[in-house]
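Working notes for the structure below.
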Amino acid sequence: MRIGILTSGGDCPGLNAVIRGAVLNGIKSYGHEFVGFRDGWRGVVEGDIVELPRSTVRGISKQGGTIIGTSRTNPFEGENGGPENIQKMMDANGVDAIIAIGGEGTLAAAKRLTDAGLNIVGVPKTIDNDLDATDYTFGFDTAVSIATEAMDRLRTTGESHHRCMVAEVMGRHVGWIALHSGMAAGAHAILIPEQSVTMEQVNEWVLQANERGRAPLIVVAEGWIPEGADEAYSDRGLDAFGRPRLGGIGERLAIDIEQSTGIESRATVLGHIQRGGVPTAFDRTLATRLGMNAVAAVHDHAWGEMVSLRGTTVERVRFEDALGHLKRVPQERYDEASILFG
Amino acid sequence: MRIGILTSGGDCPGLNAVIRGAVLNGIKSYGHEFVGFRDGWRGVVEGDIVELPRSTVRGISKQGGTIIGTSRTNPFEGENGGPENIQKMMDANGVDAIIAIGGEGTLAAAKRLTDAGLNIVGVPKTIDNDLDATDYTFGFDTAVSIATEAMDRLRTTGESHHRCMVAEVMGRHVGWIALHSGMAAGAHAILIPEQSVTMEQVNEWVLQANERGRAPLIVVAEGWIPEGADEAYSDRGLDAFGRPRLGGIGERLAIDIEQSTGIESRATVLGHIQRGGVPTAFDRTLATRLGMNAVAAVHDHAWGEMVSLRGTTVERVRFEDALGHLKRVPQERYDEASILFG
Amino acid sequence: MRIGILTSGGDCPGLNAVIRGAVLNGIKSYGHEFVGFRDGWRGVVEGDIVELPRSTVRGISKQGGTIIGTSRTNPFEGENGGPENIQKMMDANGVDAIIAIGGEGTLAAAKRLTDAGLNIVGVPKTIDNDLDATDYTFGFDTAVSIATEAMDRLRTTGESHHRCMVAEVMGRHVGWIALHSGMAAGAHAILIPEQSVTMEQVNEWVLQANERGRAPLIVVAEGWIPEGADEAYSDRGLDAFGRPRLGGIGERLAIDIEQSTGIESRATVLGHIQRGGVPTAFDRTLATRLGMNAVAAVHDHAWGEMVSLRGTTVERVRFEDALGHLKRVPQERYDEASILFG
Amino acid sequence: MRIGILTSGGDCPGLNAVIRGAVLNGIKSYGHEFVGFRDGWRGVVEGDIVELPRSTVRGISKQGGTIIGTSRTNPFEGENGGPENIQKMMDANGVDAIIAIGGEGTLAAAKRLTDAGLNIVGVPKTIDNDLDATDYTFGFDTAVSIATEAMDRLRTTGESHHRCMVAEVMGRHVGWIALHSGMAAGAHAILIPEQSVTMEQVNEWVLQANERGRAPLIVVAEGWIPEGADEAYSDRGLDAFGRPRLGGIGERLAIDIEQSTGIESRATVLGHIQRGGVPTAFDRTLATRLGMNAVAAVHDHAWGEMVSLRGTTVERVRFEDALGHLKRVPQERYDEASILFG
């Protein structure tokens, strides 16, 4: 078989380990050939293909990003999009099946294409860990590690200056990165989109930590807003391209805390460093296994399925069982974490 | 309640996070008090106790080792050992229950003591990840991370000198650290106690990697010996204290590979650096949760049970269901990994 | 002798290693006693003093921040400020001499106080490395390391998405951190306050890198503005406290690059993570030596002098020879670096 | 011009940054061409050459090892060795000049070849920092960082088990790595080849630290032996190839300390991990500058000179002024460090 691989959506540490795992297992176990579609679905609809012989995946599992590029192209748009055109492209290039590595959007597109008869299996990718039907997604552990290490650094500055430090981490819709990095770093409050919290409560946690002689450390996911506030709360307006500016909530929160508590407060927006660079060992092992298992799924013609971590086992899940709803931080996990607040 | 905590056996990154999680949850959720037994069961049988108010656990979750010390003392030995003496010591110090953090030996002792009527719950601790009834134990992820990072370093030296690099990692009886770090680092062979492999096979993997222009990287768990060899294979004799010298297998293996293949080979024994220092974010979060849940188990009088990670959930398991047999690397996990060898 | 130590101004990795080096050398070589003034000059003018016996400096050289706190208090202000009041406070507390660890402002104050007859020696502290008469200041190497590691991460994201990544680092007045981290990370342009560069030139470097298939990486010190622009260029206005908002130049630059070149661009503001956490080995060794030598300077009654690194040697420099002008990146260092741009 | 580059002797983090700095500066400033000799002098005497266009040095400054390989071949040996043969090889391949990156042996060979009329400039490389006429050599800072981080890890294990931890670091003839990493890690004794110390003194330092409740941390350079001992002291005999086994002194020392003091002691031999992997930012910047300046030296026909760091400046030094004697740790540096022992 000749198998095409694509990586789509935001980049994520571990993508290259998936590619390497797939290519090595495919070549060594089954004698398959591999190609990469450049920049996700863009390479599919445009037939922009690069050969992936064994030598191209040499040593890449510890490399961040994706060697085949990524984009947010929608495979149903444009004159070459849609299942018929894509099947033609596959036929023209001798591609028998596709391994699509991506998040909710990518996998939903993959589902529509498999429903239309295409040979596609999926590998879930979301740095936010918000996909259902999988315990963890690769990249999440790396993001949590980077955020935790950054907070360890912020803490010593906070203690020296008797400041409240606010760390804004990724998470527009779910708070997994905030929850895990906040627990690991010993934060005095963790604020996530799933949980409505008043500013009064936030300030109380800040004051409690301060009264015990600590420099309060507050972790906030980018999608959180205080109870009662509307989205304008963290709005920093649009940039010159009409895109919403990033980094609103952290800075706004630091200002509000300082005004309410009188404790000097500073915000840090971790931003893109959370998603780049060398993946953790955890993510490299997980991603390698997912890539290997994706090839086995192709071999078994398990179209419309994705590979997924359950406990310590890699299993297969049908797209429809994973898609359509975010995996949010459950109430009991937040309750557990919040015992440590203040 | 007044709860005593002990850490026993080899130290492990995350012990302090367990202690902190337990103390904070106990104080904040239930109003409990805490003491620490110094140096594991030694502190129990000798009544060597230190108070653990909230201030003592401040900021310790990122600190390696254990603030209350550890040892390999057996609580059934000595004139003050055994359940009756220990109960007396508890009564004398007003200790209502014990949280015992330790591995197979510690938990087996805890089981015997609970069978004799003592109030004990357990937290599993094994850097080797060899305890059953739990997906992962804290400390394991840190050990794998350190080993992987070390191998990333060894690799560039190997490539520059066209050498075969042998990395010896922990694992006398099981190969989990070798398996995970070897997969993460892209090793050309992983040798673990569970799997019998001939030197011919090892040399073949080395030569295959070499023929592709790679510097072979071999990971070996300390307890592995080649098929057909006896334990004298890696024997470096006894040191001046009559203890078996460490680091036998790695060096012996490098010599044998060099002799058989003609490829210059070097061994590195990672040793104690695998178990010290700052825990990974994964281990800090896991350990914090285990500590918090151990206190809940005490609150529920769940004597004879330990807390355990299953998927993403912390559950309780009876000691007898976790003890008595090592959690070995299963055949399918080794088969999966070995596809990548050579 | 009884010696008081203070740390003043922005915190900096290595402050604790200076304190430890001073205390240990003072106790072991000369039998001195030590106290710390809490929060810099505030502790001096308010007589807020903490004893610093040997046990308080145990293990602190790897700890970021400062165990005695810091602030920006001016010792000449307030009713208890000025040399006479400070001498009274010293007499009242039996303090014979002061070791002042701080930057330009702190050392200038120390100079005025020594001119008035007080017993003070200095240790230069500036994370920006902008003090004259010393090759490097501690903390700078740590800041450069953190910034470099962050850029290594940004780079893989940039390559995967074919974006231009802009990293904003510290440096309001000088570009040392940008220069060193930019060279270490292989940046395609380094923009520093000392050097006037047009946006046309910046865009040309971006396009050159892009044409070679690279994701352009641009490092900008927070104090840079393009040639011809005024300070309003990077102005994001004031926050609710009337303080200028941080992070202006990076975001503005990314927007301008994207508009001019058509290459998608993203900014990351590294912010406070550059100055916290575990110091590098270089900074720990340097800071320890400076602390030890500061005590020797006290012993020699070298009032009005500071300790300083020259090559590999710690020397003494009179305050007046170090103060009064910033150590800027010299033209030849920028010319050297700029060969690598584009 | 067409310039050949070689890397010779033990690998060292930063070699690739030197190569990149040379190639980029040569191409961009002067329009030179570059080739690499594979595996040091072996590539020279065998004419084993690889072209080094700009694309080959892309992104390599953060990569450990050397992309052109290294070996310990002596260019004066063999039938193709010696100045005349090498000049012929250079002529045959159109190579106008050589940049030789290596240590004492490499530079001594380069000196003999330049004395015979060949066009060679040098870049000093020694991870041990033992070359004279340069403040620091690249790779040293990385080795010190890795050793320091390892000791931070060993320390928490030592404290938890109340053990004495012995860390053996590189340094057969000089103790720079031990000195710097030991100061950075806060070691209770640093043992280096330059300094004769009795076992009684070592044991006293161990006991002093122990009495203050610390877990003693002892750093020993591999070339140290106790005063009065002969080389057999740390002899672990020869391996199957007749090579002296590594790791003798650390283990022997731990045994002797335990026997004399009764304190349980453990040794860790850091070995090859000290010289591989990602270089520190300090080493990347230094190595890049050295490579750039080496090309300028070629441009100036500065044959027989090497580039060297003095303070913050890169200067040129004649081979004869740098060679012939080791740069040892001076007495005053050891005295300074030893104040902190015990």
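Going by the order they are written in, the chains are A, B, C and D; count residues from 1 in each one.
Here is the rule we go by: contacts are C-beta pairs under 8 Å (C-beta built on N, C-alpha and C of every residue); 3 or more make two chains touch, one makes a residue touch a chain.
Keep in mind it's a predicted model, so treat the numbers as computed, not measured.
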item: Chain whose Cα centroid lies at the greatest distance from that of subunit B; value: C
item: Centre distance in Å when subunit A and subunit B are each reduced to the mean of their C-alpha atoms; value: 30
item: Centroid distance [mean C-alpha coordinates] between subunit C and subunit B, Å; value: 41
item: Whole-Å gap separating subunit B and subunit D, where each centre is the average of the chain's CA atoms; value: 34
item: Per-residue multi-chain contacts in subunit B, two or more chains; value: 149, 152, 155
item: Graph class of chain-chain contacts, one of line, ring, star, complete, other; value: ring
item: Each pair of chains that touches, named by its two labels; value: A-B, A-C, B-D, C-D
item: Subunit D to subunit C touching residues, read off their complex; value: 20-21, 24-25, 28-29, 54, 58-59, 61-62, 135-136, 141, 144-145, 147-149, 152, 155, 180-181, 183-186, 212, 214, 278, 280-282, 284-285, 288-289, 292, 310-312, 336, 339-340
item: Contacting residues of subunit C [partner subunit A, same complex]; value: 7, 11, 13, 15, 39, 63-66, 69-71, 146, 149-150, 152-157, 159-162, 165, 239-241, 245, 247, 251, 255, 258-259, 266-273, 275-278
